[in-house]
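Below is one structure, written out as structure tokens; the observations come after it.
Naming follows writing order (A, B and C), and every chain is counted from residue 1.
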Amino acid sequence: MLKFKSTLSSVLVAGAFLATSVSGAQAETLRLLTWGGYAPDNVIELFKKETGIDVEVTKSNNEDMISKLRATGGAGFDLAQPSQDRIAGAQFEYDIYKPLDLSKIEAGQFISSMLEGTKSNTTVDGKIYGVPHIWGTSGLIVDKSKAGSVKDYTDLCSDAVAGKVSYRLKRPTLIGFAFSMGMDPFAAYGDTAAYQKILDAVEAKLISCKSNVKAYWSGGDALMNLIRSGEVTAAMAWDTGGWKLNQDMADVTFVAPKSGALGWIDTFALPRKTKAEDAAYKWINFVMQPKIAAMITASAGNFTASKGADEYAEDALKARFQDSFPPEAIDNIKWYPPVPAGIEDLEGKVLDRVKAASSN
Amino acid sequence: MTGHNHFRLGLVLLMAPLLIWLLSLIFIPHIDMLFLSLSEKVAPRVYETGLSNYAAFFNEPLYWNTFARTAVMSILATFLTLLIGFPVSYYIAKMVRGRVRAFLFIMCMIPFWVSELVRTFGWMILLRETGVISSFLVFTGLSEGPVELLYNDVTIMVGLVYTSMLFMVVPLVTTLDSLDDSLVEAGYDLGGNGLRVLRKVIIPHAMPGIVSGCIVVFMLSLGNYLTPVLLGGKDSMWFTEQIYTQFITRFNWEQGAAFGFLLLILSSLIVWGGLKITRQTLSNTMG
Amino acid sequence: MSDTTRDPAIDLECRELTKYFGNFCAVDNISFSIPAGSFFSILGPSGCGKTTLLRMLAGFQEPTSGELSIKGRSMLGVPPNKRPVNMVFQHLALFPMMTVGENIAYGLECQGVDKALILQKVQSVLERVGLPDAINKKPDQLSGGQKQRIAIARCLVLEPDVLLLDEPLGALDLKLREHMKVELKQLQNQFNTTFIYITHDQSEALVMSDQVAVMNNGKFEQVGTPQELYYSPQTDFVAAFVGENNRWRASVRGAEGAVLELELPNGMTFKGTAARKEAFGAGDLVDVFVRPEAIMLSKTQVDTATFDNVLEGQVDCLLFDGANSRVLVKESNGNHEVNVTLPQTGEFNDLQEGQTIYLGWQQAQAKCFPARDFSVEE
């Protein structure tokens, strides 16, 4: 199998492989596999000034990170930022990460409840694989002037917004609809049969809802365009997207759904064949400083797990956050527990069937 | 004898870069993919050899429906490309000369100077509900409200035909160029009307170009990913999208590899069938 | 259309036919008519407009002005596939992807002839052109001459009123060309169809044709039987283009009716005839044409009583070519050269260069036209 992996990698991710094998020769470079906005240029510059280390950023998403690391057996990058719920399953199945040495991380910089939660969620065989970096939620982006009636995921299927709706065909949609339909998918994570039952109900709902959908979005920019042009008035998306739009369009903002926004935490995790481990720890400690964390918040639009960074955050962003999240909504956030191996296969088939179903 | 051997050695040396290239970039990865497609995942980190990935294709209607849909749409796209490309090619090859001809040929090529992604986004700007065409229709009063022209199968078809046009026009122009004008004139002179001359003289002559153009366009459409994904609607399924999904979002490489092989085999079968129906052989088409 | 006023025996008639390509006049106001069943050739150098004329007859080009009718029916605006004419193309244009049988059947299928009848007609025409077994062959399996016959059969099976032939012998080698000339003439007799044949080869035109039109610069110089063209050319171009000729520039010393007293630049004097009987005055320059075979060759002094013009000279050069052998004779007291046919009677087989020889020709054989500079290029 290892041989397959190495050869396949050359085909699948030839670009990444080539780029990394070339840059791997230089000693002081940190190859960071992360999300857009998580490593802004000004932070990279400050880091270089302080440590002399170059940071090379590859923008990615959860699935892509796992695919890239799986293709190379955990090589090609020195630090990755998967969501905390996607570490344990992927590690268990593909063995792509390296346990963290917590002694090299300044725990005092983290909001301790978040650090402890992430540590326990990313533990496999007693070893810890992730520490938190940025957190946020996904829920609804709504144009209140046109789709004010949308308060929960299932409202996307109401006639009021027919043809003006967009969401992704990915697992958060399944989870969100399940909660909105009064079920608790997270509680069923351990029980495949029960989980399948939930999925079946969600599948039926999504298929009947299909005629309401304008398009399934796949990239954040595509969704932004749809909403900006007014072609879509209600969508399932991340909170930052809604807040960004709110800057130009007063009516559009992020709404925490009645059944609860879905909370995620993106982490720091070491790829198994990282070549710049020290640089990786240096980066983690560097960006968790409150001032630097605030710079990242400004760029990414989401808050970090850095203790005390809120003080430095923009007031406008804080105001938007408070508008979207009244205190009871914060308590209602459904934090993703680790995804057990295997259930993504079940979800995949449901998503395929929804895509293939005819919408009439 | 020694002369012969020298020649052989020279040939081998000349061919070596090509062979190495073929072996390392095409052959070996495919062997890997074959093995991959034959391994079944029974539990995390546990694999067995078996055909279940292939069986999944035939047992799950979703998958072969997707393939059938992709194949039918690709055949239709090929046919439409031929229908539009033939008159264009005939015009370029036979009706114009010199500069105009070079100009028209370049006009056909210009869209290919930008990446497929940019071309596809171009179509999206034109066709979306708040796009250029929709706004124009509303502005001129031809339509009461905005019209969504994106996200359906017709849009995919437009995109595929547009993307493939050059690959149809080039072989057609080449074969039509070699058609002696006097054959066409003889076809008319002996009493044939335009349709008969087209059917009996021009098409038989252009057949190798038609077939090679069709094969290329069919394969390109079948293997296209961006156009169906970006222009297609919420119902549109494309087989390459399914392969991509299996590899990238499902981490199910074994299934993806099996789909990849099925695509290779089934598309080869379709091309073979097409050659049989038109009574052409691959060698006289490509030669 | 006043069909009834036309002579029914006329198959094809052109009146004031003109074709311009931009400012260039390819066919200049040509009028002629061709009787049914005749073999009519249009002879001219390349670029004279003969191909344009033929393509107008076939319908591939529309005339700029003028009238064109076949069997009394105007052909203006009638597309090629609706005209009762067929064309044998320069390179024959047999359809390479069809068999011989399919090639011949093509036109019949266009006419909607019954399938069984088509087969019958195809077989019968193949027999008539002497290739009864060729029906299933592909054109590239045939020899040049066989292809020729198939190309003609493909047209004749349609029984056209007029068959157009565009230099079809041009691509053949010499021997085959000679053979095909005879064969074409025989085929024309056999099918009794009007043939219009264009060529730049005067021998093809002379051998096969009932009537020949000599064409130059978009105009017909002269239309007539091969004999008329050969013996009584009406223009200097025809005299120069049809057959071999000695061409001299001379000045007129005196005229007596059509008979002219001429003087060459080197002082030599002789008599000639004004070809078109026009009047010349003393001092006029003329071009004189004397055919090599019209000059009598003799080893002894020629009798001035039997010939109007006599000349003594030396053999300058012997050009042996069997029946077409020539001898170049240089006049004794000047440098004037005369091209003379060498009779193959045996008498001159021992002729030597430098040998003194005597020439004689009648004044009627020296045809005079007003002097004009032009060149004849095939």
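Methods note: a contact is a pair of C-beta atoms (placed from the backbone, for glycine too) under 8 Å apart; a residue touches a chain by one contact, two chains touch by 3 or more.
Keep in mind it's a predicted model, so treat the numbers as computed, not measured.
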Most distant chain from chain A by Cα centroid: C
Chain with minimal offset from the mean of all protein Cα atoms: B
Euclidean distance of C-alpha centroids - chain B vs chain C, Å: 57
Separation of mean Cα positions, chain C and chain A [Å, integer]: 91
Length of the line joining the C-alpha centres of chain A and chain B, rounded to whole Å: 36
Junction residues of chain B, two or more chains touched: none
Sites on chain A touched by chain B in the complex: 1, 3-4, 7-8, 10-12, 63-64, 66-67, 70, 90, 92-95, 170, 210, 213-216, 218, 229-231, 341-342, 344-345, 348-349, 352-353, 355-359
Chain C to chain B touching residues, read off their complex: 58-60, 79-82, 85-87, 89-91, 93, 95-98, 106-107, 109-111, 154-155, 158
For the chain B and chain A complex, residues of the former touching the latter: 28-29, 32-33, 35-36, 39, 44-45, 47, 62, 65-66, 128-130, 148, 150-151, 229, 233-235, 237, 242, 245, 247-253
Chain B - residues contacting chain C, complex: 180, 182-183, 185-193, 196, 200-201, 204-205
